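Here chain A shows up in two complexes: once beside chain B, once beside chain C.
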Partner chain A sequence: MKVEGKRKIWSDYQKDIAYDRFYYVRSCIRQTVWPGAENIYLRILREVLGKEVIESEHHTTCTGIGYHTEVVPFETLQTVVARNFALMQDAGFENYNPSCVTSFGIYTEILDTWHHFPEEKQKTRDYLKKATGREFEEPKNLAHTSDVIYKFRNEISEKSKYTLINKVTGEPLKVVDHIGCHYAKMFPAKGVGGAEYPHVLAGLVEAWGGEVIDYPERRHCCGFGFRQYLVQANRGYSISASKKKFESMESFKPDFILTNCPGCNFFMDRWQYALAEMEGKTYDENGNGIPVLTYEELAGLVLGFDPWVIGLQMHQVDVEPLLVKMGIDYDPNQKFKGINGKDLGLPESPNNLNFIK
Partner chain B sequence: MGKLFDKLNSDVRFIEGIKACINCGTCTAICPAAEVYNYDPRSIANLVQTRDDSVIEELLRGDSIWYCGECMSCKTRCPRQNAPGMIIQALRKLSIETGLFVESEKGRQQLSLKRMIGESILETGYCVHFDHTSLDMFPEQGPMWQWVRDNREEVLAKVGANYRKHGPGAIREVEKKDLDELHRIFEITGGMDWFDKIEEHSVRKAEEMKKDIGTDKSSTYFKDVYTINNQEKHTRS
Partner chain C sequence: MVNFGYTTLPTHIHDMDKADLGLADSISFEDSSFNLCIACGSCTSTCTAGAFTNFSFRQMCHQIKRGENSQAIAESEKCMLCGKCTLACPRNVNTRNIIRLVRKANQTI
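Then we have the complex of A and B:
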């Protein structure tokens, strides 16, 4: 009886994730800062999992960052989103699959708004028709890209070349996860595990052999806060929030941080660099910082893709200590090479953060 | 009930954001902004419930409504399913519509956000674009990012991006006909009017403050609103 009760509760935190035929849309931040992660996601779906996934070259931003910085009105946001839905319909797809967590939050908010305020949906239909001549339907399924990797975590595990086991010690790697606020804090029923039992990343770690660390500030915001980072005057807000998380995870000695939001991945990486430069402090024992990976990057590593094709050279905190722990066979000399091995020179070293050249 | 309150109450975010506040303060306890700013979302919820236009106008003129990061952690935790973050969205909209945003230091930042994010949407099809991420504006990106920017053609091609080229792919060139559709959506839905309001009221304020505002990111007014932080006033000691 007790088990059934728990199972029933857990069922409230599950979500329906499409099995195939995904309509993929890019993220403003992920395609800019982690373009290799977006590329490797598509390769995993197509080449490893054999899924059909399409990207229309005509889609655009959802304008979510503009909306959350109050430069884009709600009506405009809804209509741009409706245009992206219309493009999916034109392509003959029904399973909307955004790369961005802010966007995912925007879509959940708009679909919820249209449910409770049908007049907003009608207004959006009229605006879209007038502006573009297009018509739209709501997607049948809305899943963030991390949801899809979660759904196929066991299939990825079966095809994996590496696991999250420390090759030297034989112990599971210790992983702290950080889930973007707009994944499930606004509409918990739309995220795997909701806001209380975040499992969309923990499920990957468990499936691939690692150990999830439940650190105290696990659910605290990374500090993006939209205007609180984008305007330089406000960045104290942003770095303070990330610092609070680093301090909270430090004593657990994590091997890496895993994220599902492109912005969070950026802040977890870059604010470690900034804190090292400002305060001479790193949150690992060796002055390297704690490596930060997105779920696509981690899936790519587990499956044996080249770290420099995944784009891990674009991180400011070096990932090499993690590659060594996972026993990954990689060529350190290719890190700063271009296509066809072209020598691109070396970046400057930070003052306080160790940097492997 | 006042005219400002009526406008707030016509915003679906406001209707969704406040139902029956029990003043428990859970939102303030969980709020990342309340940790660093003199900010208390519980009191914002209280103040809008007075339905008093003079109280609401004071909010629209002030810094406090601009402290929120819209992370929406408050929405998760509120035992009554309110969302102070959504009340803030409605207040900010009204502050822009009335032009009162230029009366506070944090509100005046709208000019920089319009010229950075707003214009990027219409120029590139994305809120943030690789070409706009110089270390001058974002120095915390570090020397690795400078290396990526210096070698963008090679590095971006290696990781599978389609930088500034046509067809699908990361950081692709969005076609003019698609940008034109975006532009028309902005015109018809009030997005362009919103941009114009931010510019017009900022120009008025810049004249009052005797600062050059120009039309790009190089003016004194832009630089000041982008960088000035009166920390004593905004932060908790």
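Then we have the complex of A and C:
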């Protein structure tokens, strides 16, 4: 093996990630199901890393879900994206930082389209001007939020309170990393490590002391697939894809799954509940399921944020067994208390999946 | 069990650690040209039997290497041993001999 050649190939898979001054845009799905994850990302950047991050209340969806289900035309998509870029320009920022992998794929696709077809960009300028009177410039840097956490993984490690070591056995925790398809499968050069060797999550696990599991269906889709899930009759395809992954990873006994895409995160968590209820099957030894975390939830945990402030009680697969393994100091009685200490009430219990209340 | 209005499909994960590779090993031992196959499919595209049935030499090789021996043996029965595939193979796999070895294995298993 020629090391120089390998280095050259690997350099093609590196991406430029901005250092400071991020214009943050939220994910439609995550705001609804795990708002704590986005909140903790902003707190990590502002309070722990001292970065300047801004977001606009005028920001809208990228329309990715509508686009991928063919209800939003490409021209509309480009114009909405251009408007969001215009908002960033108004705020005086140049580093666009979407929280959603679908959005990241959309922005990447639009920028690539404008690169190869400048007439589309001009057309979009005209549409945006007519519709809103705004003008826009392309961002100087486009990085997904998981890219930013990856960039600062060593700084986070230096400030961490906990590591990914099982406190009971002393062994590194076994972690399954799952990268969203739209992160790098469409435009490999835009993701850290490309589509074949994505390092954006594996790098976090390695930096924080865990062990990444390489299992046969590692690169398989989680099964979300907008068309598969949105039509109820097709949901069997969606859950079957997740089931295939769970079956493939089961024998490796992972301690948790780490994802960077809101869709993957949601479905790998919720489908474990659905499979437990439909087939009575869980994919760990104790009937707890395999916890599913996002990169910033994990970063928040290792930095010592309260799990309930991170919003981990919103996960369907209970994370408490993982908190115990990591040796995290937390108060189980605060699990279902609001920010002001108000009792939020207890959720219903699944029949076949353990959930500590 | 709860019915959510959809079902799961059977998964097709193939565990090679549990696969029976006895047939693949015996064919490799008796005719090492079997190992040269790159699954290009020239054999299948030129196959007269394959033009009239669903016989596929490439698929049979695939089944042998996955340890799906009963399917491979059933597939081998469709060949009429004309040998055109032997002429087409860019890797000089002795395809007709591979068919013969599969059938022979069927008689000795």
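Quick note on the criterion: the second predicted complex is superposed on the first by the 356 of 357 C-alpha atoms of A that agree within 3 Å, B and C clash if a C-alpha of one lies under 4 Å from a C-alpha of the other, contacts with A are read in each partner's own complex, and residues count from 1 in each chain.
By definition in this document, a contact is a pair of C-beta atoms (placed from the backbone, for glycine too) under 8 Å apart; a residue touches a chain by one contact, two chains touch by 3 or more.
A quick note: this is a predicted structure, and the numbers were derived from the prediction, not measured.
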item	value
First (chain B), second (chain C), both or neither touched by A:P216	second
Partner chain(s) touched by A:T113 [first = chain B, second = chain C, both, neither]	first
First (chain B), second (chain C), both or neither touched by A:S349	first
Touched partner set for A:E75, first chain B, second chain C, both or neither	first
Which of chain B and chain C A:G311 touches, first, second, both or neither	first
Partner chain in contact with A:G225 - chain B first, chain C second, else both or neither	first
Which partner reaches more residues of chain A (counting touched residues only), chain B or chain C	B
Touched partner set for A:Y237, first chain B, second chain C, both or neither	both
Touched partner set for A:A274, first chain B, second chain C, both or neither	both
Chain A positions touched by chain B in one structure and by chain C in the second	232-237, 239-240, 244, 274
Sites on chain A touched by chain B in the complex	26, 28-29, 31-33, 35-36, 38-40, 43, 55-58, 60-61, 63-66, 68-76, 78-80, 83, 105, 113, 116-117, 120, 127-128, 130-132, 181-182, 185-186, 188, 195, 219-221, 223-228, 230-237, 239-241, 244, 270-271, 273-274, 308-311, 313-316, 336-339, 342, 344-350
Residue numbers on chain C that touch chain A, as the complex places them	1-9, 11, 13
Of all residues in chain A, those that touch chain C in their complex	216-217, 232-237, 239-240, 243-244, 247-248, 274-275, 277-280, 351
Interfacial residue positions of chain B with respect to chain A in the complex	11-13, 16, 32-33, 35-37, 66, 68-73, 75-76, 83, 89, 92-93, 96, 106, 109-110, 112-114, 116-118, 121, 125-130, 133, 137, 140-148, 150-151, 154-161, 166-172, 174-175, 178-179, 181-182, 184-191, 194-195, 198, 225-229, 231, 235
